[in-house]
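All chains are identified by letter, namely A, B and C, in their written order; residue positions are counted from 1 within each chain.
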């Protein structure tokens, strides 16, 4: 608790990808970022977005948006179309910055923001791999934003994104955490506590928190990022009830 | 190896949780910590404590205690009772600091220390989620400790913890690592090399280190954090012998 | 994007191990490194090298070599022989530094470099565990290199490594990533696009990138670290085709 404290504003770059938290990709991105912005604090927000699922990623990222520091830059990459015609873009949404592919992933964050701006990335550097734009384009652009080196040759303002998802949410399971809790793409804000959530032939009543129900009981609640989530106290709801990403839910 | 070196004492916050190393929780904790203590070095000590198992976590944390830097702060959260009446606490044990729930998790570290002090956290901020006190209470308190902003309104000294586990250890498997080695809650310090360890109808003799036995042979040894561990050379003991967390062991 | 920027050259230590990205080992290494080099940026390059497989690790590390910053130090540990007679060494290869066991792991990086130098580590500190030299020897030596504290008592120059693998590569699967893509130990540089790759009774034609083939189709391509890789668009090749690390491949 002793020591010499130097306080400055944190320079924060967050990573949100389907690169896998145990794989060879994230380290290469960090090596690139560190060489370009040595003082940045690079935070792994999530690397296990369901593989190739830009839609699930879009709703999850929008739910995490409020947890992100103002002025932070998030490199968001779920990019099965890497190397194809889909465009790389930058989005500024209510004071947070995002860099990633224009495939829907950033469209919910942008669509829900009070103020949002969008730029297309015109990447000039020829040394780019065909399959790893996270390391070769998105990381350098994130670094550029953090360094405030704004180049009009690289960033062209555009009116709107090519791929735009419904900002209202999606009545599906979009993510299952390691406890086995199943998050839906539904915001919990305007849902009444009396509502009953259904998934196939199962139905779930509301509880405020895990410790309010007996161990092993299933319920729905508003989770810590504001989403409606199906959970069990001290057990895996996903395993016990055989829930997978993409399962449809509905209210009754 | 070249460069401009600035040396100061490290400001280290360690994280020890069951939040999962691949999940959405750790990144949110780090974003919060970074905004409060930009210069802190945040280290993931373990995020795969067996889910909801504060007892296993307590013995594992106590074994890791000596590896932690003096003056470091460890945020330790295995907290199935989040949102219930269990209290948040701070423990100082032989010069290392811990923040977490009063559910037994910190009691072995505290009980084994030569000098330990305990405070109850009286959290005044109303913006707290029901289910994620790691992000909303424990992380800000860890940051407060690192910044030496000691508020008597927030931290009330108490005599002892509510939930106290046996400091001698536990004759059970408390953790299985990714190699398949099975750690017990037994300290290896006072065990004789001639002792034979039993798990159900299997028995294990001592070896100093993996390379002393043929590949595929099982044995017990004192692991690198001082615990008695069942292992196999170049194979997974847990898979080969069907060992799981909670299995009882005994000496003969 | 605002804030007070301090720019210095990054002090980068990378970790490349089979310690597991979710396990108790990496955090202890980082706690040690942070106490010795508080200003270092420690990056997880990979902790899921196939367990105990120094050969797979050697070809993977050599492929990652070019992604590593100049003057960085990589602690590379895949070390089933820990505690035996195998020696700890330091390798400098084309301006990147490596610390690890002399069991083949560093030999491909060294063998492919234009200029390489090798030192044996003569570790004088008696406080060393039998089974965790990553924390107790390799991390302190990596820190010593970063701090430019070069001690001739600790590092003795030697002519060559004890264990040397074929630098040309290996016609085997050496790593399967979390998408299910199977990387081989073959450099893609001198392979003709018309070549057909075979694994058991299956054969694969070349494609430049995932989005060039229909979803579910298998192909080989040069991956982002230069290796020949078997992949499927938007599916797991390893699961669909039952590929595991060690499987032999050949060209036709």
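FYI, a residue touches a chain if its C-beta (ideal position, glycine included) is under 8 Å from a C-beta of that chain, and two chains touch if they have at least 3 such contacts.
Since the model is a prediction, treat every value here as computed from it, not as a measurement.
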{"item": "Angular offset of chain A relative to chain B [C-alpha, multiple of 5 degrees]", "value": "120"}
{"item": "Interface composition of copies chain A and chain C: same or different, split at half", "value": "different"}
{"item": "Whole-Å gap separating chain A and chain C, where each centre is the average of the chain's CA atoms", "value": "29"}
{"item": "Touching two or more other chains - residue numbers and ranges from chain C", "value": "8-10, 20-22"}
{"item": "Chain B - residues contacting chain A, complex", "value": "8-11, 20-28, 30-32, 34-35, 38-39, 51-52, 71, 73, 80-84, 97, 129-132, 135-136, 145-148"}
{"item": "Of all residues in chain B, those that touch chain C in their complex", "value": "1-10, 12, 14, 20-22, 41, 43-48, 60, 64, 67-69, 72, 175, 177-179, 208-212, 221, 223-225, 233-234"}
